[in-house]
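Naming follows writing order (A, B, C and D), and every chain is counted from residue 1.
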Amino acid sequence: MKNKKPNQGWKSKIHEIIYEADTPMGKWFDIVLFILIITSVILVMLESVKEIDTKYHDILLSLEWVITIFFTVEYIARIVSIKKPFKYIFSFYGIIDLISTIPLYISYIFAGSQVLLAVRALRLLRVFRILKLVQFLGEASQLTRALKASRAKIAVFIYAVLILSVIMGTIMYLVEDDAAGFTSIPRSIYWAIVTLTTVGYGDIAPQTSLGQLIATIVMILGYGIIAVPTGIVTSEFTKQGNTEEDKIHLNTQSCPTCSCEGHRDEASHCFNCGSEL
Amino acid sequence: MKNKKPNQGWKSKIHEIIYEADTPMGKWFDIVLFILIITSVILVMLESVKEIDTKYHDILLSLEWVITIFFTVEYIARIVSIKKPFKYIFSFYGIIDLISTIPLYISYIFAGSQVLLAVRALRLLRVFRILKLVQFLGEASQLTRALKASRAKIAVFIYAVLILSVIMGTIMYLVEDDAAGFTSIPRSIYWAIVTLTTVGYGDIAPQTSLGQLIATIVMILGYGIIAVPTGIVTSEFTKQGNTEEDKIHLNTQSCPTCSCEGHRDEASHCFNCGSEL
Amino acid sequence: MKNKKPNQGWKSKIHEIIYEADTPMGKWFDIVLFILIITSVILVMLESVKEIDTKYHDILLSLEWVITIFFTVEYIARIVSIKKPFKYIFSFYGIIDLISTIPLYISYIFAGSQVLLAVRALRLLRVFRILKLVQFLGEASQLTRALKASRAKIAVFIYAVLILSVIMGTIMYLVEDDAAGFTSIPRSIYWAIVTLTTVGYGDIAPQTSLGQLIATIVMILGYGIIAVPTGIVTSEFTKQGNTEEDKIHLNTQSCPTCSCEGHRDEASHCFNCGSEL
Amino acid sequence: MKNKKPNQGWKSKIHEIIYEADTPMGKWFDIVLFILIITSVILVMLESVKEIDTKYHDILLSLEWVITIFFTVEYIARIVSIKKPFKYIFSFYGIIDLISTIPLYISYIFAGSQVLLAVRALRLLRVFRILKLVQFLGEASQLTRALKASRAKIAVFIYAVLILSVIMGTIMYLVEDDAAGFTSIPRSIYWAIVTLTTVGYGDIAPQTSLGQLIATIVMILGYGIIAVPTGIVTSEFTKQGNTEEDKIHLNTQSCPTCSCEGHRDEASHCFNCGSEL
């Protein structure tokens, strides 16, 4: 931050406010953005409740317009203030920003596209961008590392669960008849997953003795199988706990050229594109 | 206890009986209080069962009056015997004591306030004050320490579960129609949490193929995600197990001035307000 | 076994067959007993299924009589062959043996006592006595030791779950109305436990928005709380794993005087009553 | 692979393609086979959905014939190219290959045997043979080793769960009446397992106060018991993690005589039958 040249003028200023959180302005911007995102998500929820929507439709819509305009301005500012705008536009957050901003505009252009308004709940994903800057980053990154390290084992586990569900579902389709809800193999597989994961809705449940016996086996399997991901993640956490100290302090600065993040405090050039920070 | 001056007279005596458990009288008081609390909570439960309330209304009410009067006397004694009564009155347990004692009086003053009587179940919280003095304090405090140490990680985890629920709930609101119970986004989020936590009531369940496919993903996520808090707490417990020996013996004495607790056996002054113990 | 004197004649012989499993005869007796117990439990189950009972009543009853007579003879032999019969009669297994043998006799003496026949399913508990002698004793005892070591922690945990259920149940009783199934506090507590343990029958489920919000909190609590017993038991298992080698080899001999078990191979006197083995 | 003699001609060539994955041809064969298996399983599922089957019956059937003929050719090639064909035919995968290939033929010979068509979902098991060759073999084998090492403990655990279910089921059969769904002891045991494993369909649920109290105990037991398999597997995983480095690199070659697998890279003779690789 210290060695940033002031010659990029207002663009650099906006970049600092919008993309970073090391300056007071940047922090304030993030807090306002956070509140607006949460408010807007609550608005989307309230609109979906018919009674509330009927009563307070106008207030909700006005608030929605205020927030949408703020997000539109922010979206344009993000494009303008970055050196390589297309990198931002086609990045994950760029796309999220766009599709969580435009539904309100579209709903006026195309009739029947009101359904799209619920898409605005995706704005919640934007919270991740802000929270990345928050204190408990360390905790989250330890979580992420533990999950990444056990990725392959978890994949094997999920694969095994799916195979088991398909086979158990098919067997139940043969054993039980349509009246109990096992009308097709996909539905029976759905039942098998509902049972294996111990969710157990009860919308489809075996009626025959043989079906209940097989269901019993699926349940005990599911009850036992849950030990596997737990064992994987726990042993990974225990390992992680021992190597926790070798963390490097990263700051919240993002490269003004390629917008990549996670630079060290002492870094003066972007580790990705090499341009000055 | 030994170096307590006898010049505070009966107030000091009552303080010792009510607030501490090191003397025989103090122990007896705690046991009687414990039995009365459990009895009164059972009374509250029985009153709520219509058949029982109709039959034994008078007996239940008489017993309730006996217990309420005891609690009233105890509440006044607690205020009188302490040096800074307002500190007690506005403390967590002070408020609990008050709101678990007055409902019976209020129900005679204001008609329709019978609903408040159920508030008396909060008396159960008072059991914690007594149990703090019990043998297995060590175990509980180890539990508490393990949970405290993993507080930040658990917060990140709960946050992730909530975000996931909101997004999955919104997707299901778009995919499923009202007939299946997905009438609004909040209800769909409720469904998502019911499914993610593997509770699975079945009051709201997906009906369409696409909905069931997405539900399947939510279930497997929920089934796998449970490994995360387990991993966190387990690795914390394993750590705690290694440092278990360095416990300091605390006694049940509480400061007569500020009523704070957890003094060491050898302490002669309150570590909080500095007044003599 | 080697230093047992032969002067106790046939009683000692029967004692060896019935109570021990070191001799070929003793092993055969245990295997026959095991098969009879399993058969008799299956018989009890089949009798409870109305269709099967109507069709095969006579066959089931005959088989039941054969097994009951065998158990009667065994029960008498157990009493006769032991030096202190009353110790056996009033021991846990002595009582189980009696109440799992007599229901058939009683059902002929008192009309309407057919209900008692289901009590015979308790015979299953007798399997534990036999299995104690089986190979995987070591595994089971490690399990038992791990559970014993974490007994106090598990008690604190169950206590906390119960308190939480009572408070959450009472809150839900106030929030939800009778139509949703929350007709009394005990029923609401039942709902709270069903939800906290992630069983989720769905016979009682919140209908109002506030009720669903509170239910959501209970679910996430329950989903997270499960990490606690898992953490306790796992950390205990990991400890146990390190001290597994220091097992003492125990044999299946039981004292002919007081019938207590778990004697070391080299023992020549009962560690409990001091009489010769 | 390098020291294989070319004198076995085309049989050896086919053996290499079908049974192994070290050559480019072998890899391609495996990929094609994998796609065909997945396609065919999806076909079986789609056929079971009545609406889809009615509309696209002819397309589904044609595709099914193409795949069945491919599998038939493959099955014959497997028999021809191996030295001891009967060993393959009566091996686990040999039987799976046969019974997942013939249902379509049989459905034309015997009327009413259409039910058998669902058996083709067993083709999914064949995926395991292919995946054995895939990268994450190491992960899967670690999983398998951890589960094998805790086999005995898991057996004790499942046995305890079953005993508990039988006893709890019997008690509930005595306590609850038929109206609540507890019509026979086997059904009550089914309920006990549904509750213990926290699946909780809700198709059978206690109605009386006593029944709900007992159900509550079963739930808390089930909620706590899940800690046991988790503890077992986790402590096993933690152990495995420490000994992970001593893995021997195995290749995908299979013996041309006895088709057993898992040969070391440097092996020149089958470790099972001694014939040259």
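Everything below uses one rule, namely that contacts are C-beta pairs under 8 Å (C-beta built on N, C-alpha and C of every residue); 3 or more make two chains touch, one makes a residue touch a chain.
Predicted model only: the values in this text are computed from it and were never measured.
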| item | value |
| --- | --- |
| Self-contact between copies chain A and chain D, residue sets same or different by half | different |
| Fitted rotation between chain A and its twin chain B in degrees, CA, nearest 5 | 90 |
| Euclidean distance of C-alpha centroids - chain B vs chain C, Å | 33 |
| Separation of mean Cα positions, chain D and chain B [Å, integer] | 47 |
| Chain B, residues touching no fewer than two other chains | 157, 186, 198-202, 226, 230, 232, 234, 238 |
| Chain A partner contacts - residues on chain D that touch it in the complex | 41, 44-45, 48-50, 115, 118, 121-122, 124-125, 127-128, 131, 136, 139-140, 142-143, 146-147, 154, 157-158, 161, 186-187, 190, 193-194, 196-203, 226, 229-230, 232-234, 236-238, 240-241 |
| Of chain B, residues touching chain A in the complex | 152-153, 155-157, 159, 163, 166-167, 170, 173-174, 183-186, 189, 195, 198-202, 205, 209, 212-213, 215-216, 219-220, 222-224, 226-228, 230-232, 234-235, 238-239 |
| Footprint of chain B on chain D - complex, ascending | 198-202, 230, 234 |
